[in-house]
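Below: the structure, in structure tokens.
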Amino acid sequence: MTKPFQTILITGAAGRLGTELRHGLAPLAERLRLSDINPIADLRPNEESVICDLADEAAILRLCEGVDAIVHFGGAPLERPWDEVLNANIRGSYHIYEAARKHGIRRVVYASSVHAIGYHALEDRIDAHAPHRPDSLYGLSKCFVEDLGRLYWDKFGIETAALRIFSSFPEPADRRMLWSWLSFADCVRLVTAALTAPRVGFTVAFGMSDNAVKPVDNRLAGHLGFHPQDNTEPFRAGVEARTPTPDPKAPAVQCLGGWFVDLGHPDDEPAR
Amino acid sequence: MTKPFQTILITGAAGRLGTELRHGLAPLAERLRLSDINPIADLRPNEESVICDLADEAAILRLCEGVDAIVHFGGAPLERPWDEVLNANIRGSYHIYEAARKHGIRRVVYASSVHAIGYHALEDRIDAHAPHRPDSLYGLSKCFVEDLGRLYWDKFGIETAALRIFSSFPEPADRRMLWSWLSFADCVRLVTAALTAPRVGFTVAFGMSDNAVKPVDNRLAGHLGFHPQDNTEPFRAGVEARTPTPDPKAPAVQCLGGWFVDLGHPDDEPAR
Amino acid sequence: MTKPFQTILITGAAGRLGTELRHGLAPLAERLRLSDINPIADLRPNEESVICDLADEAAILRLCEGVDAIVHFGGAPLERPWDEVLNANIRGSYHIYEAARKHGIRRVVYASSVHAIGYHALEDRIDAHAPHRPDSLYGLSKCFVEDLGRLYWDKFGIETAALRIFSSFPEPADRRMLWSWLSFADCVRLVTAALTAPRVGFTVAFGMSDNAVKPVDNRLAGHLGFHPQDNTEPFRAGVEARTPTPDPKAPAVQCLGGWFVDLGHPDDEPAR
Amino acid sequence: MTKPFQTILITGAAGRLGTELRHGLAPLAERLRLSDINPIADLRPNEESVICDLADEAAILRLCEGVDAIVHFGGAPLERPWDEVLNANIRGSYHIYEAARKHGIRRVVYASSVHAIGYHALEDRIDAHAPHRPDSLYGLSKCFVEDLGRLYWDKFGIETAALRIFSSFPEPADRRMLWSWLSFADCVRLVTAALTAPRVGFTVAFGMSDNAVKPVDNRLAGHLGFHPQDNTEPFRAGVEARTPTPDPKAPAVQCLGGWFVDLGHPDDEPAR
Amino acid sequence: MTKPFQTILITGAAGRLGTELRHGLAPLAERLRLSDINPIADLRPNEESVICDLADEAAILRLCEGVDAIVHFGGAPLERPWDEVLNANIRGSYHIYEAARKHGIRRVVYASSVHAIGYHALEDRIDAHAPHRPDSLYGLSKCFVEDLGRLYWDKFGIETAALRIFSSFPEPADRRMLWSWLSFADCVRLVTAALTAPRVGFTVAFGMSDNAVKPVDNRLAGHLGFHPQDNTEPFRAGVEARTPTPDPKAPAVQCLGGWFVDLGHPDDEPAR
Amino acid sequence: MTKPFQTILITGAAGRLGTELRHGLAPLAERLRLSDINPIADLRPNEESVICDLADEAAILRLCEGVDAIVHFGGAPLERPWDEVLNANIRGSYHIYEAARKHGIRRVVYASSVHAIGYHALEDRIDAHAPHRPDSLYGLSKCFVEDLGRLYWDKFGIETAALRIFSSFPEPADRRMLWSWLSFADCVRLVTAALTAPRVGFTVAFGMSDNAVKPVDNRLAGHLGFHPQDNTEPFRAGVEARTPTPDPKAPAVQCLGGWFVDLGHPDDEPAR
């Protein structure tokens, strides 16, 4: 049986999630093109690799040639100084969408982030219609790329699934991750759903596993067909044993963005 | 133990779904009265059959005598010329509600359709409060009967559960049915819930199985107690192997109504 | 300066509102074609008249030839037996839209009615997104034509402004009309706005004057540009002097539809 | 491993639900302080007991000393004469919150009730944003305490989870409880979730088991992490066999509050 | 011409607003019964006066005998110790509603307050569906009486218009009143509208003049027919000259309740 | 009487609107600091001028020293190539907000644009909660700055009023401007309201005059106190005489953004 895609490009493929996606998306495409600013050593037969800076418009245009779909997970993965956010995330993503437009690529799956909406409170139980409330320059760049995807859908017909990933790590590392965790397997499920859904248009989805505490409402992405199958209960006792009870009134507990809301400006303090 | 109903009338009982309902509703009533414009050959002991044209007001009045509840699945089941839609669906359903009123029948379960809302997009994730957007004369007649049910509830106290059935076939036949399919067993579950719910008033529910992709939101019908138990995953590989990948920008992929939105006027082209 | 339209068709032109529209719409079109089942005696130079039964499909097709826009105010103007509602309002309006489709007419302004939503309560303060709740067969036919207009916009690109006229009479005749009244001048303003708005698509608007008590919210029709300039305050003292204080708990006071909600089925009692 | 709380106070600890909570909450605290107007005989080693009238402000202040969290289930548990509701529920709960404020207690879990919203209809499918519609003086007092909790959160930073318990009994006793039942085990799960959720602020949650018919929407409490695991299906056949089919138009069937909506004023009739 | 009411009772008639209402409501009733805990000296021929404590249930029952409508403006008008709020506002209002029930009085117009929703922010632009967020014990008592009105409407058919009065003083005294001011004349207009609207059911309305800054949305009370005619522009220059520019981030500027949100508990500090 | 501000900075002060604001804002501040990339010749005594490129971070930091409030109208005023949008609008606005943060400036009034939401349809009647739908790179940069303002409010307490200006020209120049026009006087009123409102937080407002056709709903900005006093009726006859009737189905008529939705990518075609 033929695979749904000939070639999928994964940006940020050397990163934590990019590495997981190499495994996870293999069944979907004859070929995975892997891009990162860092080299990737252990290429498999179905993979090809390009070292590439997102800020380099011409390189990105070449990178996207012959691609059917883009899984755009590249860029700065957390709060960074403005220039870095500007170049890697804002300019870099613009280059990706321009390349998609010029090469006629039909769908982009973008790693947006909880930090695009980090200042909403847990008890607000927002859904995907809630306005942007970025909690950092990083989050601001995620908002920008969501709007960029919206524009390229409305004007150029390129579909975007913007996946607001919460906390995707090997396992939940703190109390907040007991609700915010997205297992690697669920992350792969989410990207797979976004790539194969019959109709995406411009869709925003929240990326969390099926954890007990659910402070956001994902029903508006029901047409993607994402159904997480993991949850944090197996890790709860361990996490609770080694971390103190949080103060419910602390901004980092109140807000979806967690400790990002406590960050000052990256010019003033080193990013964590 | 006594059954909840003495006599349930099923209209359209010789049709695809009517045949399923004969089996499925047997536990609910001492007697099933089966009505269709076509004869029904294989009557069981708990069944009685009436050949009857919905357009014949007097015949419908007689048909409904002694009935406790009506499962109204009769009428033209897809796009047809105006006169046929008018007579079978609009006038026919009016006759059914008039008979219910005159005989004091308390609840009608009506086979409405996705085609009453066919022009809404998948990513709109509508719920039952979304306005009508029929995609055909057929869909328009479904809107009419929903409003008729609303009137007969508000004015005459006859309850209606309007079930917007998506695609109820033996198995999913195309890519769209991978999300729109309602298994026969789930169809029976849905009608059973609508017949036995403690309070219906006027309720609209969507009729889909528990498929992965969910482009509508059924939460407003939670008081019916419908919980589908089937889904299309077992059929996915087969369907995808024998059908091409759809174009997400095609109206028939974008819209809930599927290929009905591509239909012209039935006067201008033969109905499919 | 040229007028915006060559020929506007007014159906129901011999009726109460039709007569007002002949005067009011004259500035908008070189020619008014007047249609009614009754003859119109006093034709002016800019007018032409056709005696025509809405139930006669072929006659309606001829009637609409050469028309730029249709102001569809014909049909039964209040509760009538089913056959009359069916023929004049349901079938008749279908004939109008079919003629619009076949002749390529771009916009229909339809006299819908408060009775399409008559069972909503005043204190619900509904807007145009509220679901249909017809209070009569008459109101049910108005719902049908609204859905018909929705279909012909979505499928055939014919715009409809559905104007839910409340109580358009020479002056307010009872306590309810102190809030529901639409002066003839405001009625003309509303139809004019609906004909000349830059974009209508499918729009529902409420037709009331600028009365003190406003039990519905017209903001969703802001793009029509309707601004009523009359109100019932000059009539208040007179009406209150000659009518008793209503019982706030009476259904006819609670519901937008007024005494229509008290009507039984027209088969059972003579329509008022 | 240490327990999350040193001392939890349970008011109404001699009551039906209080008794269940003694078992259920034991794992959460080193010590349970049990308060009731009636004595509690069978104290376990982890328990201490105080006989106490909620209407006695000074006694309540003493009762709450040294407490980490309050599970406030005390007060009149159903419709009672005004003076009793006033003293036990309104004044009593004020005393609890004042004690919480004076002792710096951070979180209150309150047994609110379906009767705070008893006049909403099943088919309205309300969520926690729906306005109060109490069905009794009892329900009115529940509304009061919810607002009290809101005030003490906004002004004094004391969190409240207001749990609107539907019908928590050993098993469903009538047709309504087939949808309204909250099993004792699910009640314990709900209180546990409310005590341990990372952030509560002021949150309202509905307390029902995972029954088939769901006439309210609990999504706004998703951040509590409550997942009921029981349902009424095992009891359905029995209940239906021994109780008549309800009339869907009866107010007690239409409304969430059930037979409470049929109650007159407690001055006029004995409370059931 | 006869007046709409025989006898209207005004509670709190010796207070600031009560005094205004004596003038303003005179045209509506043959007779005004004035009640207050303080004596009223200057009775006019159409007035009768009763000295009466709201906490005295029997006295209130007598007070309401023979009354057609109650304008309930009595009780503590600002933050007070709990016992005073309890007796004057909570118990007192209960006595009023009980008297209305026992005497069959049909409509109550209640002076609720902005302080029932004082913790909402100006930029939230709430409407009457927003949940209660009292900012004081005083505001909490206003919430209670709103819910009491809701109960007595749903259960006993007594209508209530709950008027959330913002700041009704001779003229705006500070910067906040530039938006929150309700002129005495507009206050009379509001009460008049609430008394004479054809249908009130249970309605919440905001009481503000037509000031430039409008931080709440009154559209849900459109059926009352209240149209303020005053505004604060004539006072702006004066107020701004003698008061400092407020800090937009101060809670008392952010929140509808103004300086009430800065109040501690009345036990801890003297009420202002 | 003292003016509310010492020094207001106007960026883009040499532009069409900047020039109007020099006149209009003079009453609000002792001193206006005017910034533009082009020189300003006719300085008045209350004005000082700085030639300054928004892309120059250090220059912008100096520019904002000693400023009380920023009226940020600078940047590319319509669709431009990416580099120009990036430098003037995205980077430039970031520099403005950074300067506000570093100098402790409390409020920014930003000239956002209808083109941030240009793909919404007129009949959608959106309000300020609707999601971004930019229609151009220009509009995308407006979305970015709105989100930047949101971040700087949530994290750094700098207020922003984002004014989505529709069409602010000397007079309406085409059919679309009959609804989208913002007179210069109303533009000054809007900026004045945004500068002087007691509380802004982060607020989005639509900038249109009081034109007859209102395709957006400005109620969520009611707390700004903006009340336009001009409208396009005096210009209607002239505009309609010299421009053809638009096609309601053309995207540029359907969408708020007008002809911007017809623009391709600025790389592919010269901006109009």
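Order of writing sets the labels: A, B, C, D, E and F. Residues in every chain begin at 1.
As a convention for this text, a contact is a pair of C-beta atoms (placed from the backbone, for glycine too) under 8 Å apart; a residue touches a chain by one contact, two chains touch by 3 or more.
Molecules present, by chain and UniProt name: A, B, C, D, E, F = NAD(P)-dependent oxidoreductase.
None of these values were measured; they are calculated from a predicted model.
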Labels of chains that are neighbours to chain B and to chain F: A, C
Pair joined by the larger number of C-beta contacts - A-D, A-F: A-F
Chain centre separation (chain A, chain E; CA means) in Å: 52
Computed distance of Cα centres, chain E from chain D, in Å: 32
Whole-Å separation of chain centres (CA-atom averages), chain B against chain D: 41
For chain E, residues contacting two or more additional chains: 219
All pairs of touching chains, each written as two labels joined by a dash: A-B, A-D, A-F, B-C, B-D, C-E, C-F, D-E, E-F
Chain E residues within the chain D interface of the complex: 82, 86, 90-91, 94, 98, 101, 119, 129, 131-137, 139-140, 143-144, 147-148, 150-151, 154-156, 261, 264-265, 267
In the complex, chain A residues that touch chain B: 1, 4, 106-107, 157, 159, 193, 197-203, 219-225, 227
Contact footprint of chain D on chain A as seen in their complex: 121-123, 125, 175-176, 178-179, 211-217, 219, 237, 240-241, 245-246, 248-249, 253-254
